[in-house]
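Look for subunit A in each of the two complexes below; its partner is subunit B in the first and subunit C in the second.
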Partner chain A sequence: MTTADSVLVRPRALAVGGLGTLRRHPLILVLAVMVLVFQVSTGSFLDPANLRGIATDAATLAIVAVPLALLVISGYLDLSVGSTLALGGLVAGWLAGQGQSPVLAVLGGLAAGAAVGAVNGVLCCYFGLSAFIVTLGMLTAVRGLAQQLFPLPLSGFGPGFAWLGGSRIAGIAAPVVIAALVLVAGALFLALTPAGRHVFAIGVNREAAYLSGISIRRTPFALFVVTGVAAALAGSIKASVLDSAVGGTSGAGFELTVLTAVLLGGVALSGGSGSVLGVLLGVLFLGSLQNGLTLLDVPTFWQQMAQGTALVAGAALAHFAPRSAR
Partner chain B sequence: MTEEGLRIRGLTKSFGGVRALDRVDLTVPMGQVHALLGHNGAGKSTLIKCLGGAFPPDSGTIEVGGRAYERLSPRESITAGVAIIFQTLSVVDALTVSENIFLGQEWTRYGWIDRRAQEEVAAGLLERVAATCSPRDRVGELPMGQRQLVEIAKALSRSASVLVLDEPTAALSTAESDALAERVEDLRTQGLAIVYVTHLLAEVERLADAVTVLRDGRVAHHAVGAGQRRRDLVAAIAGRPAETPDKTPDKAPVGDTDTTPRATTSPAAHVARGVGPSDGGLVLEGLRGPGFGPVSLTVGSGERVGLYGLIGSGRTRILETLYGRRRASGGTVRVGDRTVAAARPGDALAAGIALVPADRRRQGLFPTLSAHDNALLPAVRPLSRSGVRALGAERRVFDALAGAVGLRPARPRLPAGSFSGGNQQKLVLGRWINDTRGIRALLLDEPTQGVDVGAREEIYRVVRSLAEDRGTAVLFASSDPEEIVELADRCLVVAGGRVVGELSGAELTEEALLSAVHEASDVSVSADVSVSADVSTSADVSGISDPSDATPAHQQSVTAEGAV
Partner chain C sequence: MTTSPFAGTAASRRQFLAWSGTALALGAAGCSAPGGSAASSGQKAAAAKGSAEPLTKVGLDYPFTQLPLYATLVKLSTAAAKKHGVSLLTTSDGSIPDTQATNLNTWVARKTPAIVSFPMVFEATEAIAKAALDAGLIWVTYGGTMEHQSADIRFSFREGGALLGEAAAKWALENLGGKGKIAFLTDSTIELGRERTKGMIDAFTKLAPGVDVVAQEQAIDPDTGLTKTKAILAKHPDLNLVLGVTDASAYGGFKALEQTGRAKDDAKTFVGGQDGAAPSLIAIKQGTFYRASAALAPQDIANAIVDVPLAVAAGKANPGVEVPIALVGRQDTVKIDALLAQNG
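Right after this comes the complex of A and B.
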């Protein structure tokens, strides 16, 4: 009666393992089959070096996908993350290039991301405008702002700044460590904080949440800001890895890739349901797909077609499969 | 006269073991108005929905225009000649009058809509229902009465032979109601068979050629011909034999009390319980808001007070304003010795006022979240320690409240949507019966709507014990007189956004409530008939003049959320 009982209230996001998890996340099976196919056909997919490559590529995706997933669960959406990623990377890189300390440079980038997130958040949560429209507009506007501020590509950020993307912590690439922290923080937030419960409640039924006395604006607003910060962090990491940032192209299309990962991970676009484990699976799926197809020398256009098809197929499966207890 | 427009025989429909309709017969010849009465949950809506094809009946037949159906699809219902005008009209606000009338049956010429021909025909139809709007008016800009006529015109355009009006005057002003009554009389002479659902006995007396009263899904009373005895109808609605209530309905206190409404605010009830306004109960003084007020009332600690009124009477608004869901425009609210100015539900909760809303699906429940999440939602933060949820304490609170409300099954992880209606309501109610929020005044709006009989008893038990054991002040609104009599120590009758009468003790009976509210509503109707609209009085007296109270809750929720 003791452990079993605490398991009963153990929130879903913490539940890892067991058949129930498999039923809720059929993507696990798909991922496993895909990995097997890639390993057999390439012979090198599971090499440690290749796995490290996948993890590093997927890290920036995961860092943004987690807060974006929380936002989607609470019934909102952020399409502006690709442009915010560019702006954050540019600001951080520029500050570093100006000789600022790398820490200050990254903080500057994050502040730019927070500002974008705050604008999104005020317009969507406090003024009640449609998140789709607001963040679609911001996607374009922030891209324009980034190019206006930094018309020329930036590079030469210095060795200190390169640490963010290139260093290893206990043998693991720093971006992967950061992504892992973000994933764990996201899961703990959903499972163990009151605000985590509120995110679900607001996403399922805003009116009922409001009538339960929950502040239905503060939490989603904070999530917009966090998403902006996360996008800027991802941008800083990319700028650090590449030692360059370009206003016109950095993070172009990134918003759709992140959203694809989030939706593949089983987060409902209508809000109210989703888990961090699912997001992790979605991110790993996209990362593995891209990597494996590249190893097989599949042309980029085919890769894009595969990615898109996967999303639609996933949605079709979820739609037609008998709905298991959520 | 012999031709039968509508003949329903032995119609039976159950929902999960509850008989919503039990062998109901209803015959409406062409050229007659048949009034359908009965209080909420009596089966009127189910009957209409079977007729309109929304529900398939379990057994029985529906005969329209001489053809018998065992079940109707919505399309069959329309082609058979049935037109139903629901309280919440189904016109499209963004389209013009003629576009609405021809929606789904557009007249085309070479593939294009023949607007001119449509407008000509629409003008003719509008004339037939004596509507004053033009075919080119946008429906969203018309008053409720005109919108309703547009919908009736639409029914005529489909050559409907059976017209069902579901509480058509609930959202109308008194002048509009009177105009509608004339239209109904016209349509009767034009040969339509009309089913007229209403709560207002004055309308029955004016319009009905025959009356059927439903109660608990059965025909409780049926009479043909004018001169319906009001007391027979009231008795049938309330479910008492017609012989006994000789005294009670006549004693209906409202006629007298509306001169001295609050003078009678039975101090006896307080004295009996040894409670008064300063003992921690709920006190409203002159509370007013859009569509109601001023309202003054006192609910002593441990007292259960009912608010009884029809749709649009303002009972829901009073509760929602108290809870900060709507903004008050004046007056004060006190809980104990603390004055509360609730701008949002959070403020009201901080002061110890909680609300169980009427529309469970839209305002109460999180169907995909677990029972645990549903019941514990407002308690999660107070229970948490340094920002981290106290899962053990949450579980103990859940177990305690599941036991207290008799939740079945008492499984915390089951999604709330998979519980029965009664158990869903227990989850919503359960939110406020733990100690974490310190609730001192509990407001309930239609506490047992869509709840089966067993769960209803349990909910009453929980509410009673909240009042008796914890001294919670309970204020609940209901349109079901049975519920009021069952649960209330004292009842305030609400009409036109005001308290127009009070009943307690032995005088608190279903008959008295029904007469009270019908008298109160009839005041507005008759006032309007006799004197041509003294605007100020009719606005004051008529609770049915405010259309927004009758709009469905989801529409309200959208606007309110944008506004807050």
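Right after this comes the complex of A and C.
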């Protein structure tokens, strides 16, 4: 069965089954070995407090990685998420600092993210410009805008706004709950909705999708907007957790981290293939690696080398996995 | 009938280019100051006359444009320059050494009469500084000393680190009986960071040798400070001290401790950083366990950025300055208020 056939019949996101899942997502095995090594070496990796820390840190990554993965599956890309994260966090924090209600503050941040996503979407989907170039340009432009609007660090957003990053829902940190909802929504969207199937179809062959009657502009445009909103939500959460936000440094380099998580999760950069489970694995892999190396007291430059090597190994594993996994 | 988006692409692009051209033209018109071209040619003529003329322009090349200090320095330096009838130019290096070199070469070629530069790589900037001096320009080195320069603006980054390390050690001796656990959030990527890190660690470990150093992690921003400190806390939940190479990273550590349930004013916890960043100063003022910051006064730096090149132009002897770094703690409310006012 070809990739296109599989899209028409059933998206890969639906694929289940123990061994089959392992074959499709070899990162599960790598993650399991890594966790085992870290636990044996440090004795504290699997401590509930540490796992909570990893989950909370990985939450913002997952919130952005899911919509970005859908965008990549549809054949597009968004490199501006780091700057959008900063802008969203700054707008939300500023509004909260001005005495606005936390809900309104977060909505303001999300609106800023939606605006960035809409600009990306219009330029890429309706004018047909290269998503790589457009979003790379927006990465710089939005960062400049954030610094121009908020040249000085913002802090002291108030206890109401702190709820977003610091509260617990049924004993679980709010950002983790939000990330779980995003993951479930992303998986259900891909698996159960016609638009989810269109995402794969557009990514496999845009012209064929168009000739099949699929709206090849509206769906990716919506994904650009959702990605912008998700980045702004992640920025708001980070601003809430830190009770501060800095225009020049918030979210710097985040775009590469989130793209790495997406690609490690088996999403094809060329589009048409990928799953939310893979994205979750990619996010957990990055979060666990960073945490484990810190627990092991690995010196800085060795940490960088170990991270780079692990990423290449993970990518190679995904590449050489059975074709149906890609 | 519908039109294929593939067939319509060319027309859309033409429309887009037309709209973009109009928008750019309008933008350019909006950005131009009235009489801008006349002022520009006048300035060029003045610059071409050489250093015998009164100094009318100073170029500030501060590469770390992403740091909050950059915006503060530009604002305060512009105001300080205006008082002397001098206009301040700035570069946009984006923390990239190559871009910095290109911008500096452009300034030298354009004969910007005075350049104040914070070189990212001192050795690599020597040739540009020499070219500037050979062209009769004033070259002021910011943050260190170079072989080719007219003067310098120095900071004792190591001393700033040492001030923080000593204060933390003294606190550990008084409040923990010289025992406990400390984590350092460090920087080994640039000279400034290495100097601060060494000063901080050497001073602390010398004065409080009984405190167990449980981690030294690279972190200069709050997000990394938070993540690293959380991981350290998982292994050492009884961590007492976190010292940061920047206030930003230390603030991340402060938040990590808070989020693990540490009371904001916990008597057995000490967090300290360097820079005098606003969020940290506010936390210190509020009486939290963020207890100290080795702070630079932005106004002092801004004054030096203008005064030193003016002093060189006036032919004063030893025009260079060393900008002091002061440790601020909970009791220094007046100093904190002054720093917060300077920060915006």
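Here is the rule we use: the second predicted complex is superposed on the first by the 300 of 326 C-alpha atoms of A that agree within 3 Å, B and C clash if a C-alpha of one lies under 4 Å from a C-alpha of the other, contacts with A are read in each partner's own complex, and residues count from 1 in each chain.
The criterion applied here is as follows: a residue touches a chain if its C-beta (ideal position, glycine included) is under 8 Å from a C-beta of that chain, and two chains touch if they have at least 3 such contacts.
Computed from a predicted structure; not experimentally measured.
Shared-chain residue A:85: touches no atom of subunit B or subunit C. Contacts of A:207 after superposition: both subunit B and subunit C are touched. Of the two partner chains, both subunit B and subunit C are touched by A:128. Of the two partners, subunit B and subunit C, it is C that touches more residues of subunit A. With both structures placed on the common chain, the touch criterion links A:70 to neither subunit B nor subunit C. In the superposed pair of complexes, A:179 makes contact with neither subunit B nor subunit C. Judged by the touch definition given at the top, the superposed model places A:192 against subunit B, while subunit C stays out of reach.
Of the two partner chains, subunit C is the only one touched by A:147; subunit B is not. Contacts of A:264 after superposition on the shared chain: neither subunit B nor subunit C is touched.
In the superposition on chain A, contact of A:42 is made with subunit C only, not with subunit B.
Contacts of subunit A with subunit B, set against its contacts with subunit C after fitting on chain A, overlap at residues 128, 207, 210, 216. On the side of subunit A, the complex with subunit B involves touching residues 5-6, 8-10, 128, 191-194, 196-198, 200-201, 204-216, 272-273, 325-326. Within the complex formed with subunit A, the residues of subunit B that make contact are 323, 325, 344-346, 348-349, 355, 357, 362-369, 372-373, 376-378, 380-381, 384, 387-389, 391-392, 394-395, 398, 412-413, 415, 431, 437, 557, 561-562, 564. Only residues 42, 44, 47, 49-50, 53, 56-57, 126-129, 147, 151-153, 155-156, 166, 207, 210, 216-217, 238, 241-244, 246-250, 252, 290-291, 294-295, 297, 300-301, 303 of subunit A touch subunit C when the two sit together in their complex. Here subunit C touches subunit A in the complex through residues 4-6, 9, 12-13, 16, 65-68, 70-72, 75, 186, 188, 215, 217-218, 221-223, 226-228, 230-235, 237, 248, 251-252, 255, 259-260, 277-279, 282, 343-344, going by the rule given at the top.
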